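Note that subunit A is present in both complexes that follow, paired respectively with subunit B and with subunit C.
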Partner chain A sequence: MSSFEELHPACLFSYFVAVMILFFLCHHPLAMVLACACALFFLYNIEGRRAFSWCKWMLPVVLFIAVVNPLLNHRGVTRLFKLGNQWITLEAFGYGLTSGLSMAAIILWFACYQKVMTNDKFLYLFGKIAPSSALLITMAWNYIPDLTKKMKKIRDSQKMLKGTEEERGWKQILSRTKDALQTVTVLLGWSLENVVEQADSMKARGYGLRKRTTFHLFRFEQKDIFFSGIVGVIVIFCFVLRGMGCMTMEFYPQIQSGGSKKANILFLVLFLILLGIPGLIQWKEEKAWNSYDLKG
Partner chain B sequence: MQKTKRRSDIAAIFTCLLLLILLAGYTWMMRTPSFLSGKAGKPFLNWIMQNSDLALAVLFLILTSVPFYLTFDKRKAQARDLVPVALMAAMCVVGRAAFSIVPLPNFKPVTAIVMITAIAFGAKAGYLTGALAALLSNFLFGQGPWTPWQMFSWGMIGLMTGLLYRIGVFGTVGQVQTDEHGKRKKPVRLCVFGFFCGIAYGWFMNLQYIIGYVDPINWKTIGLAYAQSLYFDISHGVCTALVLYLAAEPWTRKLMRIRRKFSLGEK
Partner chain C sequence: MELLRFEGVGFTYPEAEQKALDELTFSMGEGEFLVVCGASGCGKTTLLRMAKPQMQPAGKFAGNIYYKNKPLQEFDEQISAFRIGYVQQNPDNQIVTDTVWHELAFGLENAALPVQTIRRRVSEMASFFGMETLFHRKTGELSGGQKQMLNLASVMVMNPELLLLDEPTSMLDPLAASNLLQMVHKINRELGVAVLLCEHRLEEVFLMADRVLLMENGKKKALKTPQKLAEMLSFSMEEENDEHTSRIYEGLPAAVRIFKELKKRGIYDSGKPLPLTIRDGRLALTEVLTDRCNRQSDMKYNGTRKADKKDSHIVLRAKEVWFRYERSGVDILRSLDLSLYKGEMFALLGGNGAGKSTLLKILTGIIKERRGRVIREKGERIAMLPQSPQVLFQYDTVWEELLESAGQDVERAKEMAEFLELSDKISMHPYDLSGGEMQRAALGKLLLLDAKILLLDEPTKGLDAYLKKKLAGLLKKLTRGGIAILLVTHDLEFAAAYADRCGLLFDGQVISEGEPHAFFAGNRFYTTAANQIAGNEIPEAITCEEVVRAVL
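The block that comes next holds the complex of A and B.
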């Protein structure tokens, strides 16, 4: 099997959707820690050390949510200590920690999603179901770099004309707002007509007469069948186990987790395999690539 | 043809209203936990109730895209009808970069641009521009569970502005004659509305955070969440009002001229 991102877009998209649904279902600290770890493992295999820069701002967010919840909220029976005249409870802290972790897990997995599902894959998937929406998104997406280039030109020439500003405080804010407004105004005038002409020329060349084709050819190969088979089975098992009460946690008034111990362990193992798949594929690919290195 | 068009328009607006009702229902359900039966009885119903937030999120995601789908894909829109929407959505994204020179947080012109588009091209175009701008800028700044919320709230701002302008609440924007000093009257009512739209947008986005990550939901926790975001919301509102005050008139004139010249959009 080659690298993870070379799988068929439909496989990738449904994988991410299934994983996200599982995250929402399992409000459990252990599952969320696993999810964060797997996402970091995958990101590490793709971009190396830089993946850990996520931790730098993710940790404070998790801690902030974990600390703020018990300060505001005094439900729960296990009292830890008294702050002011209010008890800090273990339950509230646990809930805050779990919320923070699940937020971090979702953000990290969205980062993974963006590394893998690029814009063209998304449009390949939905261009057939919703052609006009896909066209709209593509066109707007196409304008952004164009407009940015034009904006830079406008800004440069404005700077030339006006020179540097010397104002401070509110005056600076007002004058800068005016500058920005003028930039956008010029941009609007410059691009509006071009854009309509572009649409007319598209029509003249027969846009919309036949079905659209896409730049990339994605074929549904054997590895895709293999991948979706494994993932599908694991996901179904996870859902069934979750329906039986595994990995549920009641926080108030006292922390209680549902399901029997064995079932919980089985669930966690399956969960780990499911989330580990992308990282493992990427890791194996990396190793295979490096083993061909002549210098080594 | 005309009739099906009208019907899908009504359906689109109806779904928008349905979203609001769903939200209200959800908050009601959270405030009455007695709805949950005891642990022993009806495990399946319990299970559904416990996971209702997830079901709601999925439903929300689907429903947000329904008006989008109905107004365009059902109708085989021409490329030139899509063009102004696409351009204005891209302009929102680029405008955010243009306004990054102003040293205030959350100072973005997106709401103002969506409102101006709604005035010039109608309510539906406003909805689409708002939703598309949210989707696009999140391709750059990061997608997340907040995407459908942003799409919905910016879309609704566009829709409301367009409808209110059609009724005539804002007077005539973009058709004002110059007075003897060569100046045009500023659309003050629009600016006030814009200020409140900016704040309402922030407040609506707070709901996403509260529903997702705050428990239990009571006045204290809600108050804290809103107090945290107050500064950013006011900054956003001021930005929207300022941009509308300075630019609503010229931009609307430009857009309307293009619309007349190429006969774009709804008649």
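The block that comes next holds the complex of A and C.
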């Protein structure tokens, strides 16, 4: 089994879309805790301990929302204590906590998405719809590092021309602004000059003669079929169970969980498998490499 | 069979008085390797552009161009776009996409080929070019030589019948240039692709070309085999020693230039052909020397050593300088020592990535050394001429540029323009100047700032032999005025001929330095072509003139 990010972009993209839809449908603290845990498991397998730095600022955000919601919202019947002349309720706190968790889950899963769906994959998926915009985006990715390099060269030479005279106070601000303006002017002139040559090179290679195709290096393999099959079945089951009222939670006026206990457990197990797939694939890969290393 | 034929082709750019091409007639066969040479501005680029409909500039056109015996205009654009490949001068500006594999596929995407076909062609070309390891790299991370190789490869994937190359090596260092030309040669020999290449460094292409087309002011002056052209040029050099001929002549291989002189003086048999390669030059020289009265023992030639400037004082000194870019990175400079004396021209040589440009930045103070000291003499201003002089220009005309640097002093700006021989160009936009002119204008800006120490980064890049000579003259004038010049370069010939001292930067240190004759004598590989020819017999002869003088 190869690693998760080596799956076909179409599989990856639809996987993430399905997961995100489920998140929006399941406003349930337990589901969201699972979602966060699975995302962290995946990130840990990709980037190691650095993954936990997410917790450092994710936890305060969750707590913040959990605390702020009951301060602003006083619905609910279970009164905990009185702050000023307003009651703080358990329901409002629960709602805040769930919202915070679901936000954290979405952010973490976006982080996973970022790690996996690189620009070229996105472009491959949507390039067919708009080939010329796709090319434009590729060109832009080429320009950015190029312009940064040029900018640095221009700054260096301006620094050299100015020598070591130093100004202070508002004069410094004024001269810095002037320098920045000059840099941009030179950069524009220089780049425009280059763009003419680039246009020539595109024309020389037949750009604009026919409707272009978009080349890519991706192949739809057996593992992609396998993956889509499993994910598809699980997602359908989850949707059906959700339709039957599983994993719903009413907060106001009183916290109430919908669906039968058995169905809820089934849903959570499926949900866990679905979200755990990326992390598991990555973990297995990692282990395989480790055993190679030991043998080698 | 005939592939391309020009019949009385003329071309005038809009608003230009002179014709860029004038009554040009020639033809080239299928699979032929044809080199176009001539002084810059003689119409080489225009000629190449004429041969590809997509690249034809706007202007007044006359005559006929035939491709496979059919007028070029009547060809389907779809065919001419993919069957005629074009590679331009600048490696950076031709790249369109962000990864190597995508750049290789770009032309085929335009041809709307199915993905499977593209995959096959791209992988085929990548392995022909030995680019497998670069396949997934970002184009921005490649070196200049790799970029130009990629540009060539991404034209070759389209399976062209004719390759047009417009000075493809002028922006590359000698090693990368040689690799690229070898690849072009291989494409010509192994794939049978016809090549039309314009170039001013003739040393290498002369050995590859089937024929050479010599141009002058948009006209055809000669179309001959390299051997015959060398003979003709050497001959006409004697007859009419005008600027045009000498501009081409300076670019000829060293062996040709040495033996032309020897022939003229009757030492080398006038019936024998001029040697073109270093190997043939060596053999011929040994023959000449043994013929010339077996006095090997007397062959103790000492090059005319350049005057020692060490009695004048040091204006710039680096003492045990260490530098690296990142905390855990590799040391670029490791305990480097260097001194620059007043009024001398010091040439620092070294391979790619040896840290030459980094050193210049440290000496100017743009970046700071990690350890060690840079001692600059008080009151002496340091200025650096970057590799791309464009970064120094910000106004619309050369005159405004000079005026600004002169502090609005009209007289000084005027003087400088005259000194740089740019007086007739001052109303032009700096970007419209040719490579040599742009460089002189940038140099002028630095001189007007009263710089007493000049650091030049690869000043001979993109200049032909004639312009190099001109630049050297200018720099000599400056050193005589007491300006100290430090130039970093790949150009061994330039350093040997004009520098007062040379140094080699290797592994972050200046490992050998000295007067050029002492520096180059004894090197077998890292030396000038003239010295490679004569090195066995006359170790201290490092320029063509010196070899000739030594033999006399």
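In this section, the second predicted complex is superposed on the first by the 239 of 296 C-alpha atoms of A that agree within 3 Å, B and C clash if a C-alpha of one lies under 4 Å from a C-alpha of the other, contacts with A are read in each partner's own complex, and residues count from 1 in each chain.
Operating definition for what follows: a contact is a pair of C-beta atoms (placed from the backbone, for glycine too) under 8 Å apart; a residue touches a chain by one contact, two chains touch by 3 or more.
It should be emphasised that the depicted structure is a prediction, and the values quoted were computed from it without experimental measurement.
Of the two partner chains placed by superposition, A:255 touches none, neither subunit B nor subunit C.
By the touch criterion stated above, A:266 is placed in contact with neither subunit B nor subunit C. Touch criterion met: A:202 reaches subunit B and subunit C at once.
Taking subunit A as the reference chain, the count of touched residues is higher for B when subunit B and subunit C are set side by side. In the superposition on chain A, A:161 makes contact with subunit C only, while subunit B stays out of contact range.
Look at A:25: by the touch rule set out above, it reaches subunit B but stays clear of subunit C. By the touch criterion defined above, A:72 lies against subunit B but remains apart from subunit C after alignment on the C-alpha atoms of chain A. In the superposition on chain A, contact of A:217 is made with subunit C only, not with subunit B. When the shared chain is aligned, subunit C comes close enough to touch A:190, but subunit B does not.
After overlaying the two complexes on the shared chain, residue contacts for A:176 are found with subunit B alone; subunit C is out of touch.
The intersection of subunit A residues touching subunit B with those touching subunit C, taken from the two complexes, comprises 135, 139, 141, 185, 189, 193, 195, 198, 200, 202-203, 207-208. Interface of subunit B with subunit A (complex): residues 47, 50-51, 53-54, 57-58, 68-69, 72-73, 75-80, 82-87, 89-91, 93-95, 97-99, 101-104, 107, 109, 113, 128, 132, 135-136, 139-140, 142-145, 212-216, 220-221, 224, 239, 242-243, 246-247, 250-251, 254-255, 258, 262, 264. For subunit A in complex with subunit B, the residues that touch the partner chain are 21, 24-25, 65, 68-69, 72-73, 75, 95, 99-100, 102-103, 106-107, 110-111, 113-114, 119, 130-133, 135-137, 139-141, 143-144, 147-148, 151, 155, 172-173, 176-181, 183-185, 187-189, 191-193, 195-196, 198-200, 202-203, 207-208, 243, 248, 251-252.
For subunit A in complex with subunit C, the residues that touch the partner chain are 120, 135, 138-139, 141-142, 145-146, 149-150, 153-154, 156-157, 159-161, 163-164, 182, 185-186, 189-190, 193-195, 197-198, 200-217. Chain contact summary for the complex, subunit C toward subunit A: residues 52, 54-55, 77-78, 81-82, 85-86, 88, 90, 92-99, 101-102, 105-115, 118-119, 122, 138-140, 151, 154-155, 158, 361, 364-366, 381-384, 386, 388, 390-394, 431, 445, 449.
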